[in-house]
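Each structure below is given as structure tokens.
Both complexes below contain chain A, partnered by chain B and then by chain C.
Then we have the complex of A and B:
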């Protein structure tokens, strides 16, 4: 088995290297892509869409259709994780661990035993693979999370002018919630951002993207041709394309954020949403 | 003799790629894979593709490492082969 794998990898690698030799050199000015396509993007981006960052324009405007399906793929990945991993909670939960906060004693309550009340101040539920909760980690994360989210919003909103955009900003927003789940525990994180919210937000993000495209269709242009949105934004065609890109980026950010959190919940608790990392 | 920075980064990418598949400890492999992603991110940045570098840093080195660690948490830590 190991030898067949090695042989397959070597053959595939050799084929890849063999065909990559036909590619044009790095930065080659005479390659097909840089003779007519790249010059068009470089020369016309500002007058077409009024966006200084050419990469954002190519991603969300010139090739918006492509990015729409990328967002759909991300959402489908979240759905696939949900269908593969999610398990229904059993009626009789297995042994649970509680800590009596005033004394610091850990209690193990067997299956079918009487559990303390849900919002009890005296008994704190702890994970069975318990890691001692650290004051330093908790408070550092509490401070850092707000700045991560602020930076994420900046990345989404400033994607027209600097590197960044929906995907990066969405991942940053998602990772701030994941950081909260790691530094505290999964249950507290689910209480603030539950599974239903993440599923709805993920679908909403894809809908926002496709809806922007569909709105263009309703206003008489091609699908995802943001020029048609000019009467709605009360602006020129170029500015309408810039605003259209922003709408689409926000949709991507919503979808990516929700899906990252959803996948993390399912992966870290093995689908039970009970105890996590 | 001074090597160009992209050659140094590329050779480190190869080293960390080989390390990621040969380490027996799966948690260690996840971390080495994160280092691989970060070196790829540096490599993109050297080539001038800053948007791609940003995506690689957030998705590759950030979230995918967390997912790998979360998955290792529910399996055995050492590989069988």
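Then we have the complex of A and C:
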């Protein structure tokens, strides 16, 4: 198998390199990829949508359909992880570990034993495989998470003028919650941002995107033609497209954030949602 | 010879992406472990992203953000900015590739639960035994 694979790969690569020699040079401004559509996008973005970041305009306006279905793909991936992995918690949980906080002693409670109360301050439940109690990590993450989220909001809101937008901001927001789940434990993270919230937020994000498009339809324009939103925002057609892009980006950010967290919860605990990484 | 070196120098981005793609494809075909196959798939996706982004580049031109200020806009020339279109396509592709990686890992977990192993030949032999061959 190894030799067959190697031969296939080398033949494939040699053919590709042979034909790649006919491709345009690196950094060639007159290559076919940059001659047909992209000059239109670059020259009309300011007058059409009043957004200096051309990537944002193309992403959410000129190619709005594409991005809508990309968001749907991301949401569907989250759903697929949920349906593949999620399992109900069993009635008789296997052995659990607790830390007695004042003394630092670890207790192992066998199957069927009497467990401490859920919100107990004295006994803290810990993961069975690896549960360090590091003050430095917890407090550093507590400080950093707020700034990550603030930066994520900036990336979403400032996507019109600088590199950024819904996808990047959403991933940053999701990573802040995942950092919390890694630095503390999965149960505490689920208490703050639970599974239902992530499912609803993911669907809400896709709905916000499609809803903006549908609103344009109701106002008499084509689907996702934000020009029709001008009476709602009380602005010119170009500014209405700019605001429409912002609505859509917020929807994308919601969907991506929720799905990243949801996939992490399901993958890290193999669907049981009790002990994470 | 001179000609060939010049040619490779002008098209090194294609060679870089093809080498990365070969590494990914080899991992997909030859590796026995499912997680290693998934890593190969991820390398393959990254090579495609590299290919698209490299086609966007124009030597010495600005990033695709139009210069703007409080003054009047000057005329925008398409030749002054690099091509934004491949960037848009890859922006969404990166996030989607993370999501599909999640699904692939979920399937790997599911396979591990069913067969107790991630090695492909072990799984195949178990399937053959179950089928009674």
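Simple rule for what comes next: the second predicted complex is superposed on the first by the 243 of 277 C-alpha atoms of A that agree within 3 Å, B and C clash if a C-alpha of one lies under 4 Å from a C-alpha of the other, contacts with A are read in each partner's own complex, and residues count from 1 in each chain.
Here is the rule we use: a contact is a pair of C-beta atoms (placed from the backbone, for glycine too) under 8 Å apart; a residue touches a chain by one contact, two chains touch by 3 or more.
Everything numeric here is computed off the predicted structure, so don't read it as measured data.
Participant: Considering only touches as defined above, state whether A:84 meets chain B (first), chain C (second), both or neither.
Facilitator: A:84 contacts chain C only, not chain B.
Participant: Once the structures are superposed on A, label A:208 by its partner contacts, choosing first (chain B), second (chain C), both or neither.
Facilitator: It touches nothing on chain B or chain C.
Participant: So, does A:2 touch the first partner chain B, the second partner chain C, both, or neither?
Facilitator: After superposition on chain A, A:2 lies in contact with both partners, chain B and chain C.
Participant: Using the touch definition from the top, say if A:164 reaches chain B (first), chain C (second), both or neither.
Facilitator: first
Participant: Looking at the overlay, what does A:263 touch: chain B (first), chain C (second), both, or neither?
Facilitator: Both: A:263 reaches chain B and chain C.
Participant: A:224 contacts which: chain B (first), chain C (second), both, neither?
Facilitator: neither
Participant: For A:175 in the superposed arrangement: first (chain B), second (chain C), both or neither?
Facilitator: first
Participant: Applying the touch criterion given at the start, work out whether A:33 contacts chain B, chain C, both or neither, answering first, second, both or neither.
Facilitator: A:33 sits against chain C, while chain B stays out of touch.
Participant: Figure out whether A:277 sits in contact with chain B (first) or chain C (second), or with both, or with neither.
Facilitator: Only chain B; A:277 stays clear of chain C.
Participant: Determine, for the superposed model, which of the two partners chain B and chain C contacts more residues of chain A.
Facilitator: Greater contact footprint in residues on chain A: C.
Participant: Of all the chain A residues, which ones make contact with chain B and with chain C?
Facilitator: In chain A, residues 2, 26, 53, 55, 59, 163, 165, 167, 171, 260, 263, 267, 270 are touched by chain B and also by chain C.
Participant: Can you list the residues on chain C that touch chain A in the complex?
Facilitator: These residues of chain C touch chain A: 7, 10-15, 18-19, 21-22, 25-26, 29-30, 54-61, 63-68, 73, 76-79, 81-88, 91-92, 94-96, 98-100, 102-103, 105-107, 109-110, 113.
Participant: Touching chain C in the complex: which residues of chain A?
Facilitator: Spelled out, the residues of chain A in touch with chain C are 1-2, 4-6, 8-10, 12-13, 16-17, 20-21, 23-29, 31, 33-34, 37-39, 41-43, 45-46, 52-55, 58-59, 63, 66-67, 70, 73-74, 77-78, 80-81, 84-85, 161-163, 165, 167, 170-171, 256, 259-260, 263, 266-267, 270-271.
Participant: Write out the stretch or stretches of chain A touching chain B in their complex.
Facilitator: Residues in contact with chain B: 2, 26, 53, 55-56, 59, 155, 163-165, 167-168, 171-172, 174-175, 178, 182, 260, 263-264, 267-268, 270, 276-277.
Participant: Under the stated contact criterion, what part of chain B meets chain A in this complex?
Facilitator: For this pair, the touching residues of chain B are 47, 50-51, 53-55, 58-59, 62-63, 66-67, 69-71, 73-74, 81.
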